[in-house]
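These notes concern the structure reproduced below.
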């Protein structure tokens, strides 16, 4: 059975393929830069995924939040650690972030139900 | 000799004292909640300072950036690590973040010159 | 028959219960602070609900708008007064607010249809 | 067969009629001002539609993006030109814009499929 | 002796005169619409000034905050009421608003020192 | 005699040199991508500078506005055309943009006084 997280991932993949067909050099480079920003560097990639998650939450982008939750879980962050990062985002961004926080909690639950158990 | 970082800290202290005099219960609780969010919890406080720094940069608040740079340096993050966090903020937030990134680089340099050597 | 406002309220309740289970001290305090901010104080609670509504509209958060519309209607503000507050939000926030304004007008109509008659 | 772009246009028309009934002088003037801003002036209307599109994308409003894509296509901008404008929006606004960019690419495709062929 | 609030008002007046010289019809209408939005209507003008203040604070614009503080004091709101409105803005907008809140507290003090006594 | 526009350009140059010394690959690529986005492509570079200006104004970044005003004047846009673009930004972004609009009008005047006559 598919849930909204699976649908998001399928849509994201489909549209990124469509973007790839468009073949705009600047856009392709932007995509590469975005991917590279989360690779191990002076900071570990897993810390950078957490940075991406909090940035997405204070900027209130549900798709970005979902993407980084998946990355954070895959990088081995526990639910407790991810929730503690959400708390920083709530305090920085205020109650306007609350609906995105609720969405994020549901996304985290959905991804764990997809077989990604919390450590 | 004072620099703009010293002036920011002096102004921040002066105004927080003024806010304290006002004695509004909700505002006092908000200040406490803000302070608590960066204490050790499921995540270490030092990781949360880095989260606060990136959140401040994508939301483009120079005072918030300066505050978290000071906290990050005091928490032991090296210049290379802080710059790598800046890169995540630049990619997430785009070129509109660049003036704040320049400000942040200067703030980091100023704070190191104040005697906080990079590790 | 349920409408999107009923669905929002049901989802909000369900997820707030889930958040409550998570039992993160900072997040619980944030929720309490948020609730307290709209209680009678130097300003009446009903004025503060209107402030929350306009803040939600200029920050362009549909869920926050819906929540505060419900609170404003329950606090006794008429449609004419709420629409006049929307106008302030439109002027401050610009045409980027228009889709949220349309959403808000529909939400106000839906809530009145749910039996909350305008005074 | 209707698609999400047709639905957006139908909803927009319906709600703008509802707004018109409300008959708030400030809001009517705001609507007029918004319409006038894209008419030929010192700049051609078609250039201003492109400005509105990029502004909508960096401010991350999908409905505004869809509206201005329709206007830009109707004004004769080609897909290549519109995509090049998207690239400016991506660079200015950063990766937080990417989900809106994907949405915009799909909207452009949908509108062309509705019979608005690229020049 | 002039303070930063006097300087802001002088600069604002000077530049608005310059804008007036430019004589762009859309811009003149926008200015008129902005002024009209705070006049008595379904809501009293003084309530709308408070709405404008909170909107300015969550959108984090110091000049807009200063302008609306002056208007709110002139409309007869007490310091306690204005601070209670600031609290709503802090909770909605989060800690990223804190530097603007400090600025606002100082602006309120400066304006009272200019001879606008509370109560 | 230097003005604030000259100071901005000197600071920008100095800090970009400092950034260059830091030699972070991702950041260097981001800078290159940013520069490339405004080169002639499917759209002329001069149209893209106008897009960058309006994007900067609705996102309310004075440094970004100043940078793009300089680029737009150098690209041959007249004052009337630039002001007409400002009007689009005002309508999209609302009165919260007004202080940045005043700043932009002054910047345009200052740059013309530096010897860049309007066509």
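Labels A, B, C, D, E and F are assigned to the chains in the order they are written; within every chain, residues are numbered from 1.
To be clear about the criterion, a contact is a pair of C-beta atoms (placed from the backbone, for glycine too) under 8 Å apart; a residue touches a chain by one contact, two chains touch by 3 or more.
Bear in mind that the values here come from a model prediction, so they are computed numbers and not experimental data.
Participant: Touching both subunit A and subunit E, which chains are there?
Facilitator: Common neighbours, subunit A/subunit E: B, C, D, F.
Participant: Work out which chains are contact partners of both subunit B and subunit C.
Facilitator: A, D, E, F
Participant: Going by C-alpha centroids, which chain is farthest from subunit D? Tell me that one.
Facilitator: B
Participant: So which chain is the furthest away from subunit A, centre to centre on CA atoms?
Facilitator: Of all the other chains, the one whose centre lies farthest from subunit A is E.
Participant: Select, from B-F and D-E, the pair of chains that is joined by more C-beta pairs in contact.
Facilitator: Counting C-beta pairs in contact, B-F comes out ahead.
Participant: Between subunit A and subunit F, two touching copies, which fits better, same or different residues at the interface, with half of the numbers shared as the threshold?
Facilitator: same
Participant: Using Cα averages as centroids, what's the distance between subunit D and subunit F in whole Å?
Facilitator: Centre separation, subunit D to subunit F: 23 Å.
Participant: Could you work out how far the Cα centre of subunit B sits from that of subunit D, in whole Å?
Facilitator: Roughly 37 Å separates the two chain centres.
Participant: Distance-wise, how many Å sit between the C-alpha centres of subunit E and subunit F, to the nearest whole number?
Facilitator: That pair's centroid distance is 27 Å.
Participant: Which subunit A residues sit where two or more other chains touch them?
Facilitator: Each of 26, 30, 33-34, 37, 41, 55-56, 58-59, 64, 83-84, 87, 90-93, 95-96 in subunit A touches at least two other chains.
Participant: Which word fits how the chains touch one another: line, ring, star, complete or other?
Facilitator: Drawn as a graph, the chains make a fully connected set, so complete.
Participant: Residues of subunit D touching subunit F in their complex?
Facilitator: Those in contact with subunit F are residues 33-34, 37-38, 41-43, 47-48, 50-52, 54-56, 58-59, 64, 78, 80-81, 83-85, 87-89, 91-93.
Participant: Show me the residue ranges of subunit B that touch subunit C in the complex, using the header's touch definition.
Facilitator: Spelled out, the residues of subunit B in touch with subunit C are 26, 29-30, 33, 36-37, 41.
Participant: Which residues, counting only subunit F, touch subunit B once they are in their complex?
Facilitator: 11-12, 15-16, 18-19, 22, 24, 26-27, 30, 34, 55-56, 59, 61, 63-64
Participant: For a test of understanding, state which residues of subunit D touch subunit A in their complex under the given definition.
Facilitator: 60, 83-84, 86-87, 90-91, 95-96, 98-99, 101-102, 105-106, 109
Participant: Once bound in the complex, which stretches of subunit B touch subunit D?
Facilitator: The touching residues are 58, 90-97.
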